[in-house]
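Starting off with a structure, shown below.
Read from first to last, the chains carry the letters A, B and C; within each, the first residue is number 1.
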């Protein structure tokens, strides 16, 4: 029994980091907005890592899952707000809808794209993301290119105060929850057969098949898990927070790239990586926005290039090597 | 009892026939060497047996079951283990984790959990003599150690048939002798049929294999007991590059 | 009536398609040789566009003059990025090279923004037009089309007739085999990357000759995505495949736009883009070697 718990020790530093972040946010005045942004980056990094980090497949269309999640929440609020007795239920339904829609999309995309490898997979996923966006705009689905604005419905249903609290506090608290759940799933997978299968297929897919691993099955599991969590992130960080959904924004490829940077910066396939990556990326971006507004990307781009060339295993990868054979080892994975 | 049976197996790549109408049988517990020069179709043959490629013609029968079009991940648990010419470890995982993957997914029973697999892994790692490196990343092993690790990984799958691709190539002569002794021991203890594929006939083949199949240009040229095969004049011709009689070059 | 409009638009589409094709050859060349998808592709097109604008507005020279300038500048940039970055990523996982090329693209866009600002610019090179009963071709478009075909042909000849071209082809086929046969694979990588970038920057010149407005640091994003579809149409590893893929794409784009515009209740522009990505996915699934590819 003790052995079982030891396996989950690496969650301790992750959860401590989230707890400290949360406490800073609610106790230090004026910090909540920054903390919320960091929670967003950590949550989405943690979610994306389950697919990108653990399988090594690059999904350039990852943002689409956040996008449909955003639509899930938007549809629930804009269609169900007249049903009086549901009350807060429409938020729950919105989260569930986001989860279901993101996982359905991931099943559809996975069935098609996961047959492809490497660069072909990456290109296909860009195609899915853009294709989906233009289908929504072109066929005028869900408000077409005008999107859905539901701030009115939100205030109408819950009153100005509660609606504002939902956007500025609860949406962010959801993000902390999602980040914690994603971290738990990550280690649960890592310690189980799924983790072994994913490591094997990431390193050498053909050898993994010959070893008896049904690689398609495990890739799909990682893909759906990662996508569903992204749907939840979209529903809270975008839909609840912004109270509108606008297709060019929720399918913007730059968000995918931000996620990739976070995962890679922290250490792909590690548990602690997305936390470190999310915090470092978020803080640097925030800091650059303050000191050189408008030129963050100009400074970021060369930093990314240097990281890829010089530290491909990420911060946690370097730490893992550093602490090999010490007591800290069992906390850092 | 017949373990593996190939019937008229043909595999083409575009206009090129890599394996042409191959037929042979392997009995349980047999040790066979498949020899042939580079490009004679050995690796393709292995890939057809383990399911990496499906043949255009012919059938692959394993324990009476037609597995010609079974995907590789469903063949492995039936008892088909293999190693690769150039070792293919899961580099970022430790030796222990690598071998555990074999135990976890390479057997028919789905009930084998992670802990049990790790215990099984320890046993096979000890068997191949890699216990000192058990927690090392597989990518950091020497080439010979990688080969040994691959054998442990394949053995952990509890195979009935172990396909080894150039298991002895690039090894120190002293290691080769040790390996031959080891393989014989494993074969006896675990009752595994071992097919080893080698480019060059060497004394190791004679010391290990009971039967030799010589491949030339995708076809089976000789299938005989080792002593008989080695004294066959056609074998020499194959390696000197002259097209032997009876084949259409 | 619609027949004439469709024919006219298809003719425009064919000419634009030739330029699209040329604009994708660099992407395919780089993928074929280095197995790297240049996600920052569009940023190099943008550089070509600004070179054209600069030559035209600062010196009053015809945009055609920008072609050799763009080729040289592009190849120089290609060599620099190859030796600074790409060389170290050839054996790395896809993740690294995809992100690196994306970051290079962002870097170039931001530098362009620093120098030129982010407003849209354009120029007007009036050199007459051909008026047909169903459509009008400004001569600049015709010149751009001719330029594309000429460059595609030159590349073809270079590939087939020169030693360096043969070396590049052998690496596309089988880099290990080429290495064994004494080809300096490292140099082929560098040269192909440089030529690929050179071609892409040059295509920026031709594209602005066709569409002389909308020049902006971020104009490349749309072209990157189009280039992916075109490259996949052409089999991803073949520059000529890409050229013909471009012709087909130009026809599909203009043809389907004309037809979608007839359907009430849809946005024709978005549906056209949707169709192109649908085609991308179908080809990847059914025939990843491209429409014109072998097997």
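The rule is short, and it goes like this: a residue touches a chain if its C-beta (ideal position, glycine included) is under 8 Å from a C-beta of that chain, and two chains touch if they have at least 3 such contacts.
Everything numeric here is computed off the predicted structure, so don't read it as measured data.
Can you figure out the chain closest to the middle, judged by Cα centres?
Centroid comparison flags A as closest.
Which chain has its C-alpha centroid at the greatest distance from the C-alpha centroid of subunit B?
When every chain centre is compared against subunit B, the largest gap points to C.
Just give me the whole-number Å value for how far the CA centre of subunit A lies from that of subunit B.
Taking the average C-alpha coordinate of subunit A and of subunit B, the gap between them is 43 Å.
Quick one: report the Å distance separating subunit A from subunit C, using the average Cα coordinate of each chain.
Measuring from centre to centre gives 33 Å for this pair.
Once you find the CA centre of subunit B and the CA centre of subunit C, what distance in Å lies between them?
Computed from C-alpha means, the inter-chain centre distance equals 47 Å.
Please give the residue numbers of subunit B that touch subunit A in the complex, ascending.
Touching subunit A from subunit B are residues 50-52, 71-74, 76-77, 82, 84, 88-93, 97, 100-102, 104-107, 113-115, 117, 153, 157.
Subunit B touches which residues of subunit A in the complex?
Residues 3, 191-193, 196-197, 199-200, 202-204, 206-215, 269 of subunit A touch subunit B in their complex.
Of all residues in subunit A, which touch subunit C in the complex?
Touch residues, subunit A against subunit C: 52, 56, 58, 60, 112-113, 115-116, 118-120, 122-124, 126-128, 130-131, 134-135, 137-140, 144-145, 253, 257, 260-261, 264, 268, 295, 297-298, 300-302, 304-305, 308-309, 312.
Quick check on the complex: what are the subunit C residues that touch subunit A?
Checking each residue of subunit C against subunit A gives 31, 35-37, 39, 85, 88-89, 92-96, 98-100, 102-104, 106-107, 109-111, 113-114, 221, 225, 228-229, 232, 236, 260, 265-274, 277-278, 280-281, 284-285, 288.
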